[in-house]
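Chains: A, B, C and D, in written order; residue numbering restarts at 1 for each.
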Amino acid sequence: MRDIKLAAIKKEDSKTIIYVDDVAIGNGFCVIAGPCSVENEKQTIETAIAVKKAGADMLRGGAFKPRTSPYAFQGLGLMGLKILKKAKAETGLPIVTEVIDTRDVPWVSEYADVLQIGARNMQNFSLLKEVGKARKPVLLKRGMNSTIEEWLYCAEYILNEGNPEVILCERGIRTFETYTRNTLDISSVPCLKGLTHLPVIVDPSHASGMANLVPYLSYAAVAAGADGLIVEVHIKPEDAICDKNQTLNTVEFARMMKKIRSLYAFIEENQ
Amino acid sequence: MRDIKLAAIKKEDSKTIIYVDDVAIGNGFCVIAGPCSVENEKQTIETAIAVKKAGADMLRGGAFKPRTSPYAFQGLGLMGLKILKKAKAETGLPIVTEVIDTRDVPWVSEYADVLQIGARNMQNFSLLKEVGKARKPVLLKRGMNSTIEEWLYCAEYILNEGNPEVILCERGIRTFETYTRNTLDISSVPCLKGLTHLPVIVDPSHASGMANLVPYLSYAAVAAGADGLIVEVHIKPEDAICDKNQTLNTVEFARMMKKIRSLYAFIEENQ
Amino acid sequence: MRDIKLAAIKKEDSKTIIYVDDVAIGNGFCVIAGPCSVENEKQTIETAIAVKKAGADMLRGGAFKPRTSPYAFQGLGLMGLKILKKAKAETGLPIVTEVIDTRDVPWVSEYADVLQIGARNMQNFSLLKEVGKARKPVLLKRGMNSTIEEWLYCAEYILNEGNPEVILCERGIRTFETYTRNTLDISSVPCLKGLTHLPVIVDPSHASGMANLVPYLSYAAVAAGADGLIVEVHIKPEDAICDKNQTLNTVEFARMMKKIRSLYAFIEENQ
Amino acid sequence: MRDIKLAAIKKEDSKTIIYVDDVAIGNGFCVIAGPCSVENEKQTIETAIAVKKAGADMLRGGAFKPRTSPYAFQGLGLMGLKILKKAKAETGLPIVTEVIDTRDVPWVSEYADVLQIGARNMQNFSLLKEVGKARKPVLLKRGMNSTIEEWLYCAEYILNEGNPEVILCERGIRTFETYTRNTLDISSVPCLKGLTHLPVIVDPSHASGMANLVPYLSYAAVAAGADGLIVEVHIKPEDAICDKNQTLNTVEFARMMKKIRSLYAFIEENQ
């Protein structure tokens, strides 16, 4: 990892803490929750209110959806971003949303508090350079076939353009095992803690593809030393347009949040 | 998983608890620790005493070593088993040791309290049938390229021969990521908890190949709901004949054990 | 593969043949050759002359290079495209070159005869839509972790925007095997022949990462039914800025071409 | 590959040729064909006669079947071996059959002309040592998650016991791609040709799991430089107890054999 320079831990380094409004990522445990896609105003705002009440720190929701099939729902685009803005006005939760095109970075940045780079675009170097020029933190998902080294190089692309605020997000890698959607590489969390000063969070929803596994993987993420989670929550998962099998309902999420907060507090005290 | 019958959870099932001397696996959190290989009496007994003191429940140690190269140390064989017997006499710790040949099952069973089937032999069906006829519990490691389904079928092979005492051990799968030795599939723990009544433990040493990751993966295993761990510990890891990079020294192990016990207790109380 | 519509074989289908100047892809065996990167005029034009002489049908060369590290050579950009134009003027070979940003598609199309989408951008859906609107054939490389199904969906994205000219390029997938750079999935060739009417070519250079394997993989591609190859060739591989280990020199390429042409002719006659 | 000694190419090496009755492996192109399992006398002998007529050099057939589920057909055992012996008496074809237990090696050697080690037992080192003591050639299949290096070490285990006759068989590796049963690693053929003097053959049936791909993969194997094939053929594939989807009928096999023989002859002449 010879050329990992800006992302690498140096002697004088303290860990990077990223502030989004009054939320700190990299200091304490940060939970980002919300629906896979922004489907409409009601669904988004009700979910936002519920996750806020359960203790989430930020709201996630996709307005641009990278979908395997061109015939699948591609997201509401600008309308979706406007709905997210309303959800923020309603709840105060900062917005994490994906950007998928270099041309969209400037105007999506007006709606997003954190720009998400999805797994499929992890090595879209043009997009990395563009968000590297933006003045917003970037949540960089690991590509599903990316090594930890390649992933750090992608962070380096963003840092090298002048944007120091990168959050790494482990979301499962693709392996031969098909029982789960992907394989959560929980080891990547302590690995990264030894390699980089950037915060590291975990996405248990895409990693597993199964809602009933999400709490267990979330507890494991806390125990392994992650700085936070990004979790799919929907007021009615069975009606969700995408990812319904991996999405928690608001009751399940609230129950999990309670345990996560107490587990994190226990671990902090006993370190 | 149509043909998973004996291993599958049934309505009337309670979880299987396996008793080895006064140790219970599947009830509470069980830690098996010890060297990769039995190298000599001093190393084995000193390690046994240290892990016992740190709170380990059983002693692991290989007398037959399946090694990639035929020119690598193949284990002490019978002499190794005799050393393990002495270590048990000294500490009271039950012995977990690997068997690699159908012809050895009867006599290795006289020394072992738990017969280990290694990852490379997971689908050695002759060996599975043979340990299925033994009157000792079997620790069945997941093959490094095995699906959860195939692994359960291997448990089924053992159960089907009349041996009801099988412990499943997740030890990492082989993926494209080479930073770690294997990729710990932490999701397999909650998956299996929904599929089988058998106890599930985790091997963080082989999963990571890196001693500094072992504690974090161990905490994650506790949090994900595992029933125990099997960990490589050596009085002097730098002198170990095999697996030195992934082996804890006795001080590191003791420190980790303390945290594991308190973490497990906290989670049990707060469930 | 329910939603593979435009890319799928239908009863009335004949195979798609794509014409680029006087080269036909999907009818006969088409060889695209040239350097990984356009480094300078001399290197590019000399290589072009050599591969033309050896019987190549088109010239490849990267002006925009997606590189793992931001500190690695990123390509000459516009200057590189101008050099490719000169190489075409000199040799008559049509130009295949990669485009990596939606904003570049219109003006790169003025220099390229075929727009290449690289493996890392296979699921850059914005880029797929943009090249779907271009009036140039698209060479779509398989993502290194993409299933055949996902790859066909990416072709479908392009076709669905109105561009019927898509060439699929197998370039190896990422597996646990590290002896070769990637693992050439030779089976994908006959698989695709049963699933789609689009032409399928093979990239033995990236698939293997080893120049000495390139001829054997090329012969295998011919035998498996591929419509062509894309091969890295350099006048002086040892001085190449990228991919030197997998690049043939012009003598090796000429020797291989002779065998490929005779092998293809033999197979055509004996079908 | 520091410790690959006996299997490695040395200056003074000529390629190893293994003689089985009047069949030479490693000199010319050798085709082993027959059913997955020996099911009964009629099926085995009729298949043997058909593959002999089509030009096969040896007969394959399993009497001991390593099956994922303990409830699946486990093979006819001794009765199966006796049927194979009759098939040999009828056709003259030498017999290739799998051995799965160290205890069986001596007596199975009385029926088999070549002892097969299956993919699941590639790293069953006890079994490797035992066949290393046998006086029969060994066909060593690559484990589905084994690197080329590990595979060569397994050959080394056999050679190191004094048996110089090892045939390596590439049969596909396990990857994320599920469209085919496994992924044929065609590159392993030329890789091995540069690393070892042992003959290398290809199993296109297990590699693909799809009968319609078998001919294409077989042609690719010829073109890539393999020394032979092992192919599943059944008089009535739709009635086969195992592997029906990947098994050729005798007409398909005969058609493929004709092309293989002419393709191999062409390549030999034009080298």
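We adopt the following convention: a contact is a pair of C-beta atoms (placed from the backbone, for glycine too) under 8 Å apart; a residue touches a chain by one contact, two chains touch by 3 or more.
Keep in mind that this is a model prediction, so the values were computed, not measured.
Relative to chain D, the chain whose mean Cα position lies farthest away is A.
Comparing the chain pairs B-C and C-D, the larger number of C-beta pairs in contact belongs to C-D. Centre to centre, using the average C-alpha position, chain B and chain C are separated by 48 Å.
Separating the centre of chain C from that of chain D, both taken as means of CA atoms, is a distance of 34 Å. Contact with two or more other chains is made by residues 145, 174-176, 178 of chain B.
Those residues of chain C that touch chain A in the shared complex are 3, 5, 66-72, 100-103, 120-121, 123-127, 143-145, 150, 153, 156-157, 160, 174. Only residues 145, 147-149, 173, 175-180, 183-187, 189-191, 194, 207-208, 212-213, 216-217, 219-225, 259, 262-263, 266-267, 270 of chain A touch chain B when the two sit together in their complex.
Within the complex, the chain B residues that touch chain C are 145, 174-176, 178.
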